[in-house]
Amino acid sequence: MKKESNKLKENLVNSDFSVKGECAISLILTKLDIINIELSMILDRNVIQMKTGRMKSYESTCKKMKKKGLEKNFSNALEKINDLIGVRAICSYVDDIYRIAEILSEQKDVKIVKVKDYIRDPKSSGYRSLHIIMEIPIGFQGGTQWMKAELQLRTAAMDYWANLDHQLRYKRGRKEAEVIDEELRACSDIIGTLDRKMLEIRKKIDKI
Amino acid sequence: MKKESNKLKENLVNSDFSVKGECAISLILTKLDIINIELSMILDRNVIQMKTGRMKSYESTCKKMKKKGLEKNFSNALEKINDLIGVRAICSYVDDIYRIAEILSEQKDVKIVKVKDYIRDPKSSGYRSLHIIMEIPIGFQGGTQWMKAELQLRTAAMDYWANLDHQLRYKRGRKEAEVIDEELRACSDIIGTLDRKMLEIRKKIDKI
Amino acid sequence: MKKESNKLKENLVNSDFSVKGECAISLILTKLDIINIELSMILDRNVIQMKTGRMKSYESTCKKMKKKGLEKNFSNALEKINDLIGVRAICSYVDDIYRIAEILSEQKDVKIVKVKDYIRDPKSSGYRSLHIIMEIPIGFQGGTQWMKAELQLRTAAMDYWANLDHQLRYKRGRKEAEVIDEELRACSDIIGTLDRKMLEIRKKIDKI
Amino acid sequence: MKKESNKLKENLVNSDFSVKGECAISLILTKLDIINIELSMILDRNVIQMKTGRMKSYESTCKKMKKKGLEKNFSNALEKINDLIGVRAICSYVDDIYRIAEILSEQKDVKIVKVKDYIRDPKSSGYRSLHIIMEIPIGFQGGTQWMKAELQLRTAAMDYWANLDHQLRYKRGRKEAEVIDEELRACSDIIGTLDRKMLEIRKKIDKI
């Protein structure tokens, strides 16, 4: 069991997998660049304001596997942990998020595995984002391999909330945290309203 | 008059001034980097999420001078247009904005010329940000010169609003725009509330 | 004729073509990133030290068309000017250049149009580099389009020489320039020798 | 002894020192940016082609202390290891290197501690570069602190050689390495000649 866990670490860090993961991140970021360049020509504004990518650390992976009750080995990680390879993009408006999702879904070298729409149905915590689990082909000398990655699309307001929620991560379970959870949910509702209103206004501006 | 305007263009574009302006932007961005690095050690989170700098274009400068009823010449531009050299930083929470402003004001190689607090007193349009007009010394071979620059500090929510407001810029004056202005003001109030609540929650999380 | 030249400018600047060109540059830079990441794992050293991309300016395009005796129109530019879209990579050693060229030639989404080997056969000026004219598919909403681009692969020493040669560009034709051309050719020979010796040494180090 | 070594590690990694070191690197890179911007206006070409900065790793620091016969503790490291904080800039020509050194030496917020001119007097290995040990003030909330850093200035050809030499680092001491050392020295002589000739040609081009 200990040995499997060490193998898991080896596989996640400084390995063939992590190299290919970095390549997958590069490719997805470039895809987002291209979508942004094209849409900005049509819409005369940026649709993507910021984007980042990262490989999930060994520590976070273990924590998530434990939470899901999974045995710690690499094939479990590959199969069940969707965001081993993760990319996040902050989008200007809610409709831009779905626009980007649609363009990606039409690309031949992108397989959409699953879409989790936490914008239409926020998590009970109040978390909002669109998650797209996708596979993209990485062309290596030994042949092409399809790599799974999770793309998180959010507005700036959703990201604001998610960062604050993230700061609570190690403090959950304590009694004081419960009250805060409640207040975070209330903030998430404000953000939902704000995003809707901002989108309505932008649509009105577009029409003038 | 035409000639003065051409000289203004020359002075703003590809000139000694624009070179020094780029240097001023580099220096301010580095100052923000250092402040972020130091505070992130103390607070265990980022205080600056994103930052950008730019020289104001000749066209925007002329538009602003016209709006202010100024004669188009370079000395007028230097004296009256505070954001010829501009840097913007998106901060995590409202108190981070004032924290950064305070650190800057204590630095020996920064002269604070003026602070416009559009967070405590939003513009009538609903615009919120903290503007710091400052001077920093640029050490060139010909000696040191103090350059004026405007630093805009905002939360992500304030920036969200400002971007939307910016999209209305060429459409103002039309009748349809008036209704939108009203709705933007309402959104600005939501953002004020959101920023306050997010800060309250973060302070509670800090205390746990 | 004047009108065609204006259309050429429109097509090269701020157009659909220039947008797709920027996307092609992004994609090629990402391809080089991936190749570098993979090879650096195998070889335990970087094979690409630096890389840049740029769209050819309208002025340079006109100059080149004039030099080639071409009528200034966009279809001529597209067909005959290979480096409208250009990427340059500085490689560690001469064999790395051919290694990268081979990997690219095996990729399914790269069509090699032409290879000009100015390393084996330097130009009479002394210019050394490997030029790969290639086509890559850019997936846009309106369908996929294959874009032509030129990739220049060089060692640092070849790049050193090319930069110096470039500084002479506007002074060619004058009498003093002739002597310099001769000296540049002599330097190019030194660089050829240096690159060979450096490669020999690296191969010996690899074997220890 | 073991404990001191652990303290050394703590001090070099994730500490106040490493944070300030990152700030020092940012500041030096910005200084080089400003020098490059200013000189490029005067000379109509780049003087700095590439630049990088890094904190020395704990492992490399220990290795260097062992080589120098120093006891492993932080005050020894701070005092005797000049390149704990290191910046490297690749310059276009040899005279640019001295030009940059001179500008830095005239800046009020730079103290030059020592200059090691391995261009005029290459190391016996053949290594060529100009090393400037300098101190710069980092303004933190707790007051200003002068941080020591090493700036290495080289031409592209010198850097080419240094990278190759670096690949031999773990193989020194073996018999085969001796022959290679000899060949590296011969290459260094070629590079010295090349740099001189390139500079002569550039000066002639400047005069036309």
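Letters A, B, C and D mark the chains in the order given here, with residues in each chain numbered from 1 onward.
Going forward, contacts are C-beta pairs under 8 Å (C-beta built on N, C-alpha and C of every residue); 3 or more make two chains touch, one makes a residue touch a chain.
Note that the structure is a prediction, hence the values are computed from the model and not measured.
Path length between chain B and chain C in the touching-chain graph (shortest route): 2. Averaged Cα coordinates give chain C a centre that lies 30 Å from the centre of chain D. In terms of their C-alpha centroids, the spacing between chain A and chain C amounts to 36 Å. Spacing of chain A relative to chain D, judged by their CA centroids, is 40 angstrom. Shown for chain B are the residues in touch with two or more other chains, of which there are none. Chains touching one another form the pairs A-B, A-C, B-D, C-D.
Taken in their complex, chain D has these residues touching chain B: 16, 19, 22-23, 26-27, 30, 33-34, 37-38, 41, 103, 106-109, 138-141, 144. Those residues of chain A that touch chain B in the shared complex are 45, 50, 92, 155-157, 159-161, 163-164, 167-168, 171, 174, 176-177, 179-180, 183-184, 186-187, 190-191, 193-194, 197-198, 200-202, 204-205, 207-208.
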